[in-house]
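Following are the structures in question.
Here subunit A shows up in two complexes: once beside subunit B, once beside subunit C.
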Partner chain A sequence: MIGWIQLALFVGVLALLTKPVGLYLYRVLTPEARVGLEPVFGGLERMFYRVIKVDPKREQDWKVYAFSMLAFSLVGMLLTYLILRLQHLLPLNPQGFGPLSHHLAFNTAASFTTNTNWQSYGGESTMSYFSQMVGLTLHNFTSAAVGIAIAAALVRGISRASAKTIGNFWVDLIRVSLYVLLPISLVFAVFLVSQGMIQNFKPYETVQIVQDSSLDSTLASTQVIAQGPMASQVAIKMLGTNGGGFVNANAAHPYENPNPLSNFFQILSIFLIPAGLTYYLGRMVKSQGHGWAVWIAMAVMFVGGTLVAWNAESTGNPRLTVLGVEAADGNMEGKETRFGIFNSALFMTITTDASCGAVNSMHDSMTPLGGFVPLFNMEVGEVIFGGVGAGLYGMLLYVILAIFIAGLMVGRTPEYLGKKIGATEVKLAAIGILVPVISILGFTAWGVVSTWGTATLNNIGPHGLSEVLYAFSSATGNNGSAFAGLGTNVPWYNTLMAIAMLGGRFMVIVPVLAIAGQLASKKLVAEGAGSFPVSGVTFTVLLIGTVLIIGALTFLPVLALGPVLEHFLMIHSTQLF
Partner chain B sequence: MSTQAIKLLDRSVLVPAFSAALRKLNPKEQLRNPVMFVTLIGAFVTTLAPLVGWTQDEPLSFTLQIAAWLWITVIFANFAESLAESRGKAQADALRKSRAHTNANKLLSNGSIQIVPSESLRKDDIVRVSAGELIPSDGEVVEGAAMVNESAITGESAPVVRESGGDRSSVTGGTTVLSDTILVRISANHGESLMDKMIALVEGARRQKTPNEIALTILLSALTLIFLLVIVTLKPFGVYSGVSFSITVLVSLLVCLIPTTIGGLLSAIGIAGIDRLSRKNVLAMSGRSVEAAGDVDVLLLDKTGTITLGNRQATEFIPAPGVSIRDLVDAAQLASLADETPEGRSIVVLAKEHGFRARSIQELHGAEFVPFTAKTRMSGLDAAGLKVRKGAADAVRNFLGGAFPAEVDETVKRIASAGGTPIVVAKDGQVMGVIYLKDIVKAGLPDRFARLRAMGIKTIMITGDNPLTAATIAKEAGVDDYLAEATPEDKLALIRKEQAKGHLVAMTGDGTNDAPALAQADVGVAMNTGTQAAKEAGNMIDLDSNPTKLIEVVETGKQLLITRGALTTFSIANDVAKVFCNNPCDADGHVCGDCTVERHAA
Partner chain C sequence: MKALVQELRPALLATLLLTVLLCGVYPLVVWGIAQTVFPSQANGSLITNATGTVIGSELIGQPFTDARYFHPRPSAAGNGYDGASSGGTNLGPLSQKLIDQVTQRVADYRALNGIPSNVAIPADAVTASASGLDPHISLANARLQAPRVAQARNISTDRVLRFIEGATDGRSLEFLANQG
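Presenting the complex of A and B:
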């Protein structure tokens, strides 16, 4: 019961915040509009324009926009790579950590540049404070800002007609960082500190533990507790759907997620901007109904996924129930007692609906069907609210396909908000959907039959398959959460996953920007009684159907051999993985 | 074009279609259609697999059965396409017969006639065609007039008049002159005439994929690619899971998943669209224009002939004060007896309904018909002691040299304001009354326009009438808008305006002055009786020259898009069903294969 109330509360608060956040984003993403924070950040904004020599009034066509974005990301990635390789020479390294290996540095640089935040390392045992704050947190802001900028560029393309330009990348990047991410993160970080999260530059503390315990047959009486500037990084890690934890345990660690209230605001902050962007979409295309239709489609799939995961986890593992060792309320393995079954299932669903990847429980320890949910969420492209910006532009690819298929049934050439959907748009949308499929299925298939793929696998059978599948789904979808059970800090995995992350990000963004340019240049077709409506129940059902069908058609065979098979084996045999 | 329907299950169609289906197995042909191409590869693989020994773990009968189903799938898709094409081929053959080798009498520059084969004729050559001869190629009558039998093109056996000058000057190659001799200036080189174009079109020789077809093919290719990947990766997943999927099972799963329904029928649907139009005697210059017709949301309809019956008709006699209705009808009938215009005849018909038998003009001794002239704007009859006139109110007023009674003025005004045409009748210097002429809207049109409106199509009536008349008829017919006192320039401007607003516009036209508008419109249906310029400007030709058919053209275009959309949706939904049907069996390859067979048998 308490779970239902929390779910209703979460969806209700999200719905209430959607409009104000959307309107605020509209002002930020419309450079002529006044945001209200100009007295604080206006000078900084103008200074940035002067430094990078950008005329904020000059818009770019999609190719220049895409080139600017790629160049910016490449430079950022190189910078992080260098910081990680040279961290032993750089300041703020009280623990004296050495440089990262070339493949781990490549993987991590790609990971943070692409808003993935896959971590093949444990933060507290690998990264200096400087690496965390400059090399990584910088990307937490910029990669989120890039995602929002791309979504804004696509929405502009949809809303414009006979236009050449889709906005200015630098202006979007700077305005989103200064007016959205920075102020909200500041407030959020202060709130998190108030809940008990730490924010300091102290070396790690060694404390006496209450009761001596033995680990690997050595008696331990002390424990090292990691310290650091945590709140500042956690705020943007959630808000920017980055997900990279300050410590290895991520949001399951008591410092990184002290209590249920901090938990609630952390998951709320994941969906905050993605939900607001749907309102921005409606506002820009002058059809608020369309924005809400997209919102509802996302919300329905989100609630559905939560219910499946929640149900699977509270049902627990029948094998353990028989033995009498299962907790009364279900599968508590790998979960924090301060969050319980529901909040763990909810967090897991949200973090994989969006491309966040922060975790407050061990996904590897979920029941097979519980683990099915995050896999499916990531494989449909994280479009259920999704990553900041990435969720909206991913969903809009599905919108284009859905309208194309159904629009033909209306008896006229499919059109989306007055733009005819032709061969070029379908081709580009298909590329945007195909590339992740190729990456996930291709790399996973390669991995499970190779020695490099199975050497570091802790489990066998269908669960092992799920672990490899999860890793590549998470990397390709730029999620960053891990199923664990798979050691990825080896050259093969680090390198291939970095490629999957880069492909999953940029080979989707470039077609998206091309669609934006293509749609912007199109003439407007008058909307008539025969046009396919892009708001209302029919459209919402159609959109949900398209997402689920494409996901189902593509991934059900492999999911059947992974979690589904594991589920049946768990029920019908004594085999556990 | 031969209008006799070619039956679907005719031996003469089925047999060649089947052999064409086999010929289409050529991989080069199949490459046009990625879905069927993959199926074909699958058929090859499953057929060859037992020979190479890839399927030791499968019973041979199972593999062969799968192979058989795959071959049947491919051949059936080819068969559907060639069946659609062969109907066109049969029509083309019928057309070709009428275009059998002929000679033409070419007029040389020195005035002499030279007999040349019609294939050698070039544009701007002049030929002489006499009674009983075939017109060698498309052209324009430059001298003379003749009756021409155009049944080879239109299927209409009644001959039509073709004469130099005006809007009836164009003749079509392959039609026969029945009387008189005409000189024709050839307007199309050999192989480019209307007949050649028709043959090429119905045969599908020049068929290009339409924009929507291209987009749909891309979507289908993407889906096929996804499924190919799903199946290819299933093999390593199987290896990891310790399940060995045989090549037969993988191929059958793949074919089961890819959207074969729409893939196989896509091209047949496109051909069927053109075919359906050609059975309505409308010749579409490309599949693109058929598809555009389905997208049209503004229809420009000429009032005359499309919305109204073409002529105003007398509907009421309104006598002047002090005149009995019998006297008015009598005078009106007298004034119209010799009037051969449709309006005049309708007055006689209405008089008959009032009990006045039509009299012949000879019955009235010494009677003389006074025809309508632009100067007098009246017509009537002069006989001994009798002078009747009918005409426009002001013309009759001038003729009488005095004012009408107030009631008559009232009536004239009332009729005019209702959009009708008042005709005043005068006899021996006295006003007898007014005849109410009005446009008769064709039966069933308001319903039809309402249906179009529901489909999101706006109808605009084009008329040369004054705005008042136009408004009345527009209201009566139920069109959404009208353009009154329209000139060809206005029409062109209207099309441009609607297109600028993002609408797709369809119109019909026949005159040379319609050509720019026909070319500008997204769907321009030219009347076959129209001028060559109009036919070249339009992208469809209505062989029956019936402007109402524009509505059917649009409906056919819509049907084409709907059919294709419904099949796409069905195909994809079916795929989903198949995935769920197959997936539970994945862990066991054999069950899976059986499932595939069941699906294809269903």
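Presenting the complex of A and C:
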């Protein structure tokens, strides 16, 4: 019962925040508009333009926009690679951590640049405070700003007609960073500290444990507790749907997520901007109904996924029940007592609906159907609210496809908001959807038949397949959560997953920008009786259907061999692995 | 390619400026506010005993094995409750290792607390947490341990049970609040 109330509360608060956040984003992403924070950040904004020598009034066509984005991502990735390789020479390293190996540094730099935040390492045993605060936090901000910028560019392309340009990348990047991500993170970080999250630069704390060491000599008499500038990083980690944990246990760690209240705001912050962007879409195309139709399609799939995961986890693991474990407690392996079953299932669903990837429970220890939900969420492309920006532009690819399919069904040229959708747009959308599919299935297939792929499995049998599938789904989808038993800090995994992350990011973004350019240049055609409505129930159902059918047709075979098989083995056999 | 090279200059400068602001000024401002307004939380919610020794954090679980204490959840952090190596077992539901571990823990828990075989064991008592540092145990788990703690401390079970009610934190029990 308490779960239902919390779910209703979450959806309700998200719905209420969608419009104000969307309007705010509209003002930030419309450079002529006044945001309200100019007295604080306006001078800084103008100074940025002066230093980087960018005329904020000059817009770019889609190709220049793409080049700016690629150059910026490249520079940031190299910087992080260098910081990680030279960690031992840099300041703020009280634990004296050494440099990262070349493959781990490459993986991590690609991971944070692409908003993935896959971590082949444990934060508190690998990263200096400098690496965390500069090397990684930089991307937590900028990869989020890039995602939002790309979504805005696409929406501008949709809303403009006979236009050559789709905005200025540098202006979008700087305005989003200054007016959206920085101020919200600042307030959020302070709130998180008030709840118990740490923010300091001292060495790890060594404490005397409470139980007298003479009572049990097998226990160490002290406990070393990791410290660091955590709150400033975690705020943007959640708000920017990055997900990279400051410490290994991520948002399951008591410092990184101290209580149910911090948990609620962390999951809310994941969906905050993605939900607001649907309102921004409606506002820009002057059809708020369209924005809400997309919102509702996302919300339906979100609630559906949550209910499946919640039900599977509350039902628990029958193999433990027969050992005398309380069945009503559900599957508590890999979960924290303060969150319990519902908040763990909810967090898992949200973090994979979006491309966040933070975890407050260990997904590897979920029941088979519980683990099915995040896998499926990532495989459909994280378009259920989705990553900041990435969720909206991913979903708009599905919108184009849905309209194309609807056009085929009624035998008309598909139209989207007054523009004819031609072969070019559909081909580009198909590239954006198919490249990730090829990456996920191709790399997984390669992994499971190779020694490098199976040598570091933590579980074997169908769960082992799920571990590899999860890793490449997470990397390609730029999610970053893991079936974390799989040991990926080896050259093969680090390198191939970095390639999957880069492909999953840029091989989608570039087609998206090309579509933006295409659509911007099109002429408007008058809306006729044959135009397909892009708001209302029919459209929402069609959109959900397109996402689910494409996802299901593509991935059900491999999911049948992984979590589905494991589920039936769990309830109908006594087989163990 | 030339177009890409042209963009490298603004990319470098933008990266530099954003790094100073977002990775320098921003975390330091948060640090300043945190250390001024919430110094205890910002420094790890540490607990100090009467002689001034730091004996733990309010938020981080510790290993307890003696009968006089409530026992925490099984931990996969390092060798157990390693505060510098958080994490779970990551064992799947059909893992032989998981089943072996839970079988052993159920037997140990029954023996230690004198729980008959017709009473189910609370799941949190025999499964590892996600962080390995979970500071809480469930109310059911605490109540089953109460008679043993009472006996070891030579006090009445009622008193321990009343203490549990007082230390209940929302829907779960603040484990470290049970230090003797």
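Keep in mind that, in the parts below, the second predicted complex is superposed on the first by the 561 of 577 C-alpha atoms of A that agree within 3 Å, B and C clash if a C-alpha of one lies under 4 Å from a C-alpha of the other, contacts with A are read in each partner's own complex, and residues count from 1 in each chain.
We take it that a contact is a pair of C-beta atoms (placed from the backbone, for glycine too) under 8 Å apart; a residue touches a chain by one contact, two chains touch by 3 or more.
Not measured: the values here are computed from a predicted model.
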In the overlay, work out which of subunit B or subunit C sits against more residues of subunit A. C
Of the two partner chains, subunit B (first) and subunit C (second), which one does A:K523 touch, if any: first, second, both, or neither? first
Looking at A:N459 after the superposition, I want to know if it touches subunit B, subunit C, both of them or none. Which is it: first, second, both, neither? second
First, second, both or neither for A:A430, with subunit B first and subunit C second: first
For A:L16, select first, second, both or neither according to whether it touches subunit B, subunit C, the two together, or no partner. neither
Regarding the shared-chain residue A:V537, is it in contact with subunit B (first), subunit C (second), both, or neither? neither
Mind working out whether A:A33 is in touch with subunit B, subunit C, both or neither, as first, second, both or neither? neither
Do subunit B and subunit C touch any of the same residues on subunit A, and if so, which? 461-462
Considering the complex alone, what residue numbers of subunit A touch subunit C? 2, 44, 48, 51-54, 63-64, 67-68, 70-72, 74-76, 79, 122, 124-125, 133-134, 137-138, 141-142, 170, 173-174, 177, 182, 185-186, 189-190, 193-202, 204-205, 207-212, 215-216, 218-220, 223-227, 229, 231-233, 235, 247-249, 252-255, 258-260, 316-317, 319-320, 323-327, 329-338, 340, 344, 359-362, 364-368, 458-459, 461-463, 466, 483-485, 566, 569-570, 575-577
Sites on subunit C touched by subunit A in the complex: 3-4, 6-15, 17-19, 21-24, 26-27, 29-31, 33-35, 37-38, 41-46, 53-66, 69, 73, 77, 79-96, 98-99, 102-103, 106, 110, 117, 120-124, 126-138, 140, 169-173, 176, 179
Subunit B-facing residues of subunit A, complex: 401, 404-413, 418, 421-423, 425-427, 430, 433-434, 437-438, 441-442, 444-446, 448-449, 454, 461-462, 464-465, 523-526, 528-531, 549, 552-554, 556-558, 560-561, 564-565
Considering only the defined contacts, which subunit B positions touch subunit A in the complex? 211-212, 214-216, 218-219, 221-223, 225-227, 229-241, 243, 257, 291, 294-295, 297, 453-458, 501-504, 558-559, 561-562, 564-566, 568-569, 572, 575-576, 579-580, 582-584, 586-587
